[in-house]
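Have a look at the structure below before the remarks.
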Amino acid sequence: MRKKNVYFLFVILSLCLIVVSALSILYGSKSVDMETLFDALFTNKESFSISVVQARIPRTLFGILAGASLGVSGCLMQSITRNPIADPSILGINTGASLFVVVGIAFFSISSPSQYIWLGFTGAILTAILVYGIASVGQSGATPIKLALAGAATSMALMSLVNTIMLPNSQVMDSFRFWQTGSIGGAKWNMILVLLPYFILGLLLSFYLSSSLNTLALGDELATSLGINSKKVRAMAAFAGVLLCGATTALAGPIAFVGLMVPHIMRLLIGSNMHYLLPLSALGGSILLLGADIIGRVIASPAELEVGIITAILGAPVFIYIVRKVKIRSL
Amino acid sequence: MKKQTREIIERVYHHQRKRIITITIILCIILCILMALSMMLGNTFYSLNTVIQSLLYENIPGASFTVNTLRFPRMLAGVFCGIAFGMAGNTFQKMLGNPLASPDIIGVTSGASTVAVFCILILHWSGNAVSIGAILGGMLVAFLIYRLSQGIGSNNGRMILIGLGFQAFLQAVISYIILRAAQYDVANALRWLSGSLNNVTIEEAVRIVIVVIFMGSSLVYLSRRLMLLQLGEDFATTLGLNIQRTKLLLIVNAIILSAVATSISGPIAAVSFLSGPIITRICKGNQANMLQAGLMGAILVLAGDLVAQNLLPARYPVGIITGILGAPYLLLMLFRMNHKGG
Amino acid sequence: MTDCLYAEHLSSGYGNHTIVKDVDLVLPEHKISVIIGSNGCGKSTLLKTLCKLVLPSNGAVYLNNKDIHKYPSKALAKNLGLMPQSPIVPEGITVADLVARGRFPYRQPLKGMSKEDYQIVSEAMDMMGISDLADRCVDELSGGQRQRVWLALALAQDTDILLLDEPTTFLDISYQIEILDLLTELNQKKGTTIAMVLHDINLSARYADYIFAISNGKLLAHGTPEEIINEEIIREVYGLNSKIIKDPITQRPMIIPIGKCK
């Protein structure tokens, strides 16, 4: 893939993102027109439509950040585990993050988004270690199939814990759906501000690591002889990946399959160079998440369908397609 | 041949058999105790004597309604749904050669519950029609998983992964149906997402009893073939096993069991997933242990339901309690691995 | 009465890809036959076609003048056994349990092991020298011990014909000799007809009564080791220049490779 084509794709995706963002602000149970959007953005007028738009702006921005985080996180996980089907939701990491936040809310009356993030992050790391550990049981180590099964089983167990905590706590119950299937419907400005530093840190770290990750793709032994500290690179990339998906899940709940679909589509388009793959996965993740969110608002109107349901319905067939297509070593 | 050799070998076999028989008897005793407890405990405590009397002979004011109409179907459905889930899970895990690959993880149970949810919440069906729908749903998903994993260097691993994809998809569809059906009714949602024994009728209980008697005994009959499959397809074929037919029979029986149970209690979480591995650990060796896995399933469901109904501040659906058991099991696996030194 | 296995105009393969092409062969009764050939020439596929694991696309395999696909599965399993190349060890299984699985074609559903089953399983384990390991887990055994357990399973199947797909792979030289000696003993004591695929030409020449040389899916030559192991056939089968000398111990032919044919 030539550089020119990558830039071309980059421009196209950016345009797509702008269009999707505009749609995300305009469409919903109450649709508004472009004029109102400009009024809301650039004037001080006040009306019901304008306040609707103003409520949708943080949601859209949050969707962009969350989608980009999940896309990059999936891309990192696929790269460091050399596993084509790695994804924060398949590995159960999202559920782990969810559980920790729910525990925090129910037992330690934690209520600020910045504390959610730390809990979500801790939960994500612990679950990642647990799932990887379970999958490594037996002779052949952590194969894709064992990782996926360990992730699914862990998810089931942790989701039961989430449900147990939720059921008797009626004050937490209101947000029950959101912890079960992720949603960006409740996004507020303060959540974006909380997410932003972690987002930037995770993104910078992963871009910084991209050339090392490219080398690591040649295999640990070759990478080591080329002067890469493969353990360190892998640990840092895992940290960045878990940081991104943990922070997102802490605020939006578990959103499935974005991290799986986007890197695969991008890889089909531009190959596996991490320099291009990471930023394009970020863009693609934002587009996908916002798109799914819009679909959820349109088809269930006047109610809303959580974005996590839509991404799962879209993502599962893609997952099956990948499983059928990819040659999976030593299942 | 030395005469001792045969003695040594017969002793090995007898030892194994004795162990399994002892375990089976212990499981039966535990199950009986749990059955009695779940008839006795509840909002009002009734002595064993009262329970037996009201079941067999006379109409005892107050007790008869609670015992005969509320607790008896619940207990019966708990036992037999447990057996169904335990056996179905054990069959899939042994057939696919992976202790994590039970029907509630690889999408088959979800196929059944998706159709059941659709029939009940959208079409407002009830009774046998729902069970048949659930069976067809489970079969359809199993068939799709099978078809999609064929012709591409097919193997069990790919089948499991495709099943996981279906699982994620169907869970989302179930959430969607529940959301569209009415206002989001949490109790109902939990029943279809993690399983519960609330409001089971005697007709439903009888239905699962009949299914377990037929399908359960065919699975017990098929267990020797199931164990032969584990030697790999080449060996199994040359030992005179018709692989395709055996697999088909196993899958059909297991799906009917788990689908009918699902249409009654919802997918009681982790029972399919846990029963087989627990029994395998207790019995040691490599046996099918079909009956024992069924008993273990029943014990898990009844014990879970007793805890959920009586010991906790809120009344939980049984599936949440059994689902939580999955976590320590996974931790135990992790612990064992570290113990072995990687 | 003994069983006689032969193939007529046999072709088979996977999908549309034909691997075995028009092979006629008769397994010599009560003898040890070895199938040799280069990698990917179709010798394993041929062996699998002979025992029903691969469907013939043309021709047929006959056991006592009857097409093997016309036998009921269990009846065939009483006459024809196979030891696959890489059988799967079920988790946690004991040696005694694994060997007993070989009795499947003889056992009545739902019934325990009969007196005869015990007798034959014990004999098989005794012959393979693994009766001390009866209650051990197969996972814990060494490669050579494991191979003997698999052989005992095939013996418990009590067939007159036994096919083996590379029974010596992944074993070091002493275990290779041990396994081949056991097979020879089996052949001499019970008259079992044995056919196996082997990679090592010298071992083939040493243990075989009869050799089938396969090249590119076709049966190139067959005969006693002395007839088959010569410089010309080795060149045709393996594309290898070599010198054949006499093994000073067994007087069988022995190959000294020189180099790849240009």
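Just so it is clear, A, B and C label the chains in written order, and each chain counts residues from 1 on its own.
Here, contacts are C-beta pairs under 8 Å (C-beta built on N, C-alpha and C of every residue); 3 or more make two chains touch, one makes a residue touch a chain.
These numbers were taken from a predicted model, which means no experiment stands behind them.
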With chain centres set to the mean of the C-alpha atoms, which chain is at the far end from chain B? C
Chain occupying the middle, per Cα centroid: B
On a C-alpha centroid basis, what's the spacing between chain B and chain C, in Å? 42
The distance between the C-alpha centres of chain A and chain C, rounded to whole Å, is 54
What whole-number Å value describes the gap between the mean CA coordinates of chain A and chain B? 34
Contact residues on chain B for chain C in the complex? 1-2, 5-6, 8-10, 12-13, 15-17, 97, 221, 224, 227-228, 230-232, 234-235, 237-242, 280, 284-287
Residue ranges of chain B touching chain A (in the complex, touch as defined): 98, 100-101, 104-105, 148-149, 152, 155-158, 160-162, 164-169, 171-173, 175-176, 179-180, 184, 186, 190, 193-194, 269-270, 273, 313-314, 316, 319-327, 329-331, 333-334, 336-338, 342
As the complex stands, chain A meets chain B at residues 85, 89-90, 130, 133-134, 136-137, 143-146, 148-150, 152-154, 156-161, 163-164, 167-168, 173, 176-177, 180-181, 256-257, 300, 303, 305-306, 308-310, 312-313, 315-317, 319-320, 323-324, 328, 331
In their shared complex, chain B is touched by residues of chain C numbered 48, 51-53, 73-78, 80-84, 86-88, 90-94, 96-98, 100-102, 104-105, 107, 109-110, 112-113, 118-119, 121-123, 125-126, 131-132, 134-135, 153, 157
